[in-house]
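Labels run A, B, C and D following the written order; every chain starts at residue 1.
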Amino acid sequence: MIKVSILGATGYTGQELARMLCQHPQVEIVGLGTQNYVEQSFAHVYPNFRGVLELPCKGIYDPELITKADVIFLALPHGFSAPLVEKIIEQGKRVIDLGADFRLKSPEIYAEWYKTVGPTKEQLAKAVYGLPEINREKIKTATVIANPGCYPTTIILGLAPLLKQKIIDKNFIIIDSKSGVSGAGRSLNLTSLFCEVNEDFKAYGLPRHRHTPEIEQELGTVAGEEIQVTFTPHLLPMSRGMLSTIYAVLKEPLGFAEIEQLYKEFYKDEPFIRIQPRGEFPHTKWVLGTNYCDIGINVDERTGRITIISVIDNLVKGASGQALQNMNIMYGLDETLGLTRVALYP
Amino acid sequence: MIKVSILGATGYTGQELARMLCQHPQVEIVGLGTQNYVEQSFAHVYPNFRGVLELPCKGIYDPELITKADVIFLALPHGFSAPLVEKIIEQGKRVIDLGADFRLKSPEIYAEWYKTVGPTKEQLAKAVYGLPEINREKIKTATVIANPGCYPTTIILGLAPLLKQKIIDKNFIIIDSKSGVSGAGRSLNLTSLFCEVNEDFKAYGLPRHRHTPEIEQELGTVAGEEIQVTFTPHLLPMSRGMLSTIYAVLKEPLGFAEIEQLYKEFYKDEPFIRIQPRGEFPHTKWVLGTNYCDIGINVDERTGRITIISVIDNLVKGASGQALQNMNIMYGLDETLGLTRVALYP
Amino acid sequence: MIKVSILGATGYTGQELARMLCQHPQVEIVGLGTQNYVEQSFAHVYPNFRGVLELPCKGIYDPELITKADVIFLALPHGFSAPLVEKIIEQGKRVIDLGADFRLKSPEIYAEWYKTVGPTKEQLAKAVYGLPEINREKIKTATVIANPGCYPTTIILGLAPLLKQKIIDKNFIIIDSKSGVSGAGRSLNLTSLFCEVNEDFKAYGLPRHRHTPEIEQELGTVAGEEIQVTFTPHLLPMSRGMLSTIYAVLKEPLGFAEIEQLYKEFYKDEPFIRIQPRGEFPHTKWVLGTNYCDIGINVDERTGRITIISVIDNLVKGASGQALQNMNIMYGLDETLGLTRVALYP
Amino acid sequence: MIKVSILGATGYTGQELARMLCQHPQVEIVGLGTQNYVEQSFAHVYPNFRGVLELPCKGIYDPELITKADVIFLALPHGFSAPLVEKIIEQGKRVIDLGADFRLKSPEIYAEWYKTVGPTKEQLAKAVYGLPEINREKIKTATVIANPGCYPTTIILGLAPLLKQKIIDKNFIIIDSKSGVSGAGRSLNLTSLFCEVNEDFKAYGLPRHRHTPEIEQELGTVAGEEIQVTFTPHLLPMSRGMLSTIYAVLKEPLGFAEIEQLYKEFYKDEPFIRIQPRGEFPHTKWVLGTNYCDIGINVDERTGRITIISVIDNLVKGASGQALQNMNIMYGLDETLGLTRVALYP
């Protein structure tokens, strides 16, 4: 059994990770760290776990959370990870960070966007960007995983085949993304109140959202050249689910069949990527609670433009599910272990 | 492997049953019957199953659905089951009927409430009312299971310990129930349109809802005497979840501790009943997608009244999950196989 | 023009009152008091008012809010009203308090339920309970109006005709109420977060909700004898709307027609009470944004019980609309002025 | 008083129009035409109108609906309008068609997109496209108004100032729109069921939605040259509200201040257009139930791109409110009569 601790277990991503770990046949949860519920039973904080996970929560700096575990998941606000990661790797353990701290390769860009000091260049050098469909080989041997953000996951997976083949104009990429409210976490903000969100829809994070540099960095790596995008996130009046509508310009006239072939080839052995048939476009509900990224393709031969629609569950493939997929890869297990097979519907 | 067919697979309860069977280690789905999607792939009707269950649907009367299977689940509108059940048991197969046809022991009462002819007295005699917490022994050897309705499940599980001990006044039971919309199924009714239900709340089924005779029959069996209740169902603006608030009068003054003890004792070995601690009352979301029935108890010593709050997921413990629990019992398996352990949250 | 100030204008009830005052032909809003948005334009806090109400907010203790106004509305948390009311009446102004402080006639009961000291017996003596259908005459000349709570409004209006006629057993009244989330106001509570409320349903406030003494006090006044009820509030996953399902026992066998006649007579000149025809039961959406209380009646001759279903918009007839109706009465105006005629649908 | 009939009164746009006409001081509703509720009281079909509008519905071809009225509103499915409009203008009455039939100037394009024969070139020539902010003068004297579609309204109002000034690249306009469910009307479609829409989000109408030719025709008219856009509509899990996120490329580097000035100038006397301050972007809820179109502007000097966010209530400015605004213009009345001033919130 792999011994696992979660630091930041009582946030939405933390408890979602706990849900999946509870259904993983080769994992034992040995520690749960929290900032606000120390000494409380996890099932008291989240009664949906009653009878399944009654472990008492510890403070996030309790050393046992690290010493007792083989792998530690961090689901903490940005700014917390660097010192904890140091402690963890010193003890020869592995760490999967669901936060933003280790995603950007440049400490300067991190500081600019997060208005605080993050990990050093040296620390960042140890981290692998944990998007299995792109970095699986590096993940296998990684000690520190920087688990991707939810928006970047939909966008990179949606664009990678086109950028790799250099068949779209890198200077013209427009990304219109929509997210459920759980992406904002469980903290107390006026903008997260039921009555503020319910029956409402808005854009937010303009002029530029924090995920922009992560998106541009990773798209650039895939493309092998610098990429600049226009990215507008929106807030959906629902709890879970994320959809990105991505607009690009084809350099040469290509039809749906060729593009579909390209995607099928690129993702041919991927257990969690589902390319939709011609004329079908994914709903966020098709992936609810699962680790799938469903992708739909529309080629408009009239305008020479392509529209990609990419959906995930922001808490699963966009956070905890991808983290678990990374753990499975790191331990040489079947990548699908512990991950829900079929979305709950309706 | 147990070979299973679902007749009525493309309704909400049918596809929910399929979801759970897909995660059951000892089941193979061999047939899917439908009225509206014959010859279509199941994953085309429900794309959340893409890559998992691509079986083409057959018509509900296709003989292979029975011949190839060991056990057949019926998830059909009332009035369809009687003839199908005949065919199934003739062939020595077992059947679990999620519909209403075999629940009422009297053909006359059935005809009165459903305005059509149902099974005969003889046919009804073969059926066991499939509420495991009450009828587990009979279920083990049953050939025909009448799977309980969703409202009756919350109500019988909520009241059984009190009625068994005869500590409440059988002449004064008020049941105020609230259900999510999925209970109405996937058929096209004006009252099921998003814009009609969303941001709305109403009572329905007054003066008397079809589940009333089922509730009174089964409560009467538990109590060993005739029971008459006042039952008012309401429609919640949400997809899944059911909560019943049950009001009764204590014959003698009892405190919370004694009542709690009574419930804990009554349900002591039950894997799917969770009695809440004093002062805590269950939310429907705590059981979302799971087979739990969570029960909260409030004793008002001021008035000598007791309030029981009982919640389930109407599509799981209220339908498909209970059906699967019954199958597990019929085959001597661990009752929890194939059933989701932890509710998806948030 | 009547000059009006709102103290607590930036809460949900405050801004709802502002909305209606903006459409009132004989009112001028001269002051808006707030705790958190001092000096900000009201339209900045609530952009739905942009171009209509751009007045800057003042602190709630700014004397101008009182001196400039003829009537002052208080929409503040409990505990704030007593001293303000003193100041207001000293200056010969009239006040309508939407809070709880002046509703209970006994300072002791207030202290017991609100865990703080409220108005004195003398101060309370000056206040009229502002339920027009019951106290219209007193309201006309009142200086201080204690505007009723939302739950009590649905319940008193639903039961008054039966209690007045003494045709139900006063010892057996069960009230099962359901409210939208806006009733909890705009304050930051974990239980008001979108992800906590959305797709969930629960009972709350057990064992006894704060509105219980107000309900029992006013029902007792109508009945002319002491009344004790069982009252259970629930939280609906929607923003607005409240429905109470009220169960009582008829002392003598009466049919629907007689009961309907009784209600029609009792409410014959009321502009905001709509008795539904036999077999129809009101939806919360039928009254959205309006000051109506719609009432449905079900007489179960089988059990000799009566079920009353009473719905309002908790922010309108349950708060701000009723407050405005009271103001119209106090100034001898048409009671319907400024109040929306038709609910927004869907 | 202006005498008004509504043909198609029992659809969502029809009843929404009725709601606003009931609060219009100079209108009398003399006729209501319906396909499915003939002879029923309007308040029986929509109980939110009980006590306000109890008129019995007639069949849509009842001649009295035209003879008794001065102006007739058509809120019918496409294909119904042409013959009715003929009858209406023959009798010297005026007509406002909320349907699509008279919007496209070319019968061929209409036939291509709606797969049926529409009005003739001659009939179309009589119709004015009823977008007041663009065509007010023509509307004043029009006999036949083609009321704009909801998507085109958000898009044309969002882009008009930029196209008029020719400061954006007409070859690169991307429009990502999101609509509430009420836009689909009240008809029985699987895709409109609560359980299908709730907690889900998807793109639809791909590869090309019916509103595309209307959008391109009217943008072309404003620009004075042919315009081709990429337009992707999406379905929001909410009843009302529409938001379009519009992406364009600035031909020359302009800052926010200049663009804002341009919009303020272009819309300076418009009662229903609200340009948001720098850094603020409209929510759909800010206009709920009102006739406003709120517009937010983001200029990204890094990329030389501009993003316009335009929101309306799809049933008001996107349909019935705009129709009423047109009527007010046709009769020389204050344009705001009968239209709700402040959005219901929350």
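Observations, loosely collected:
Following the convention adopted for this analysis, contacts are C-beta pairs under 8 Å (C-beta built on N, C-alpha and C of every residue); 3 or more make two chains touch, one makes a residue touch a chain.
All figures in this text were calculated on a predicted structure; none of them were measured in a lab.
Separation of chain B from chain D in touch steps, taking the shortest path, is 1.
Using mean Cα coordinates as chain centres, the one most removed from chain B is D. Repeating the B-D interface, with the same residue numbers in over half of the contact pairs, is the pair A-C out of A-C, A-B or A-D. For this pair, chain C with chain D, the centres built from the Cα atoms lie 37 Å apart.
Each chain gets a centre from the mean of its Cα atoms; for chain B and chain C, those two points are 39 Å apart. The set of chain A residues touching two or more other chains comprises 12, 182, 195-196, 198-199, 237-240, 282-283, 285, 288, 346. Chain B makes touch with chain D in their complex at residues 12, 181-182, 186, 188-190, 192-199, 237-239.
Chain B contributes residues 12, 15-16, 18-19, 22-23, 46-53, 182, 199, 239-240, 274, 276, 280, 282-283, 285-290, 294, 340-346 to its touches with chain A in the complex.
Per the touch definition, chain B reaches chain C in the complex via residues 172, 174, 176, 178, 195-196, 198-204, 206-208, 228, 230, 232, 234, 236-241, 243, 245, 247, 279, 281-285, 288, 296, 298, 300, 302-303, 305, 307, 309, 346.
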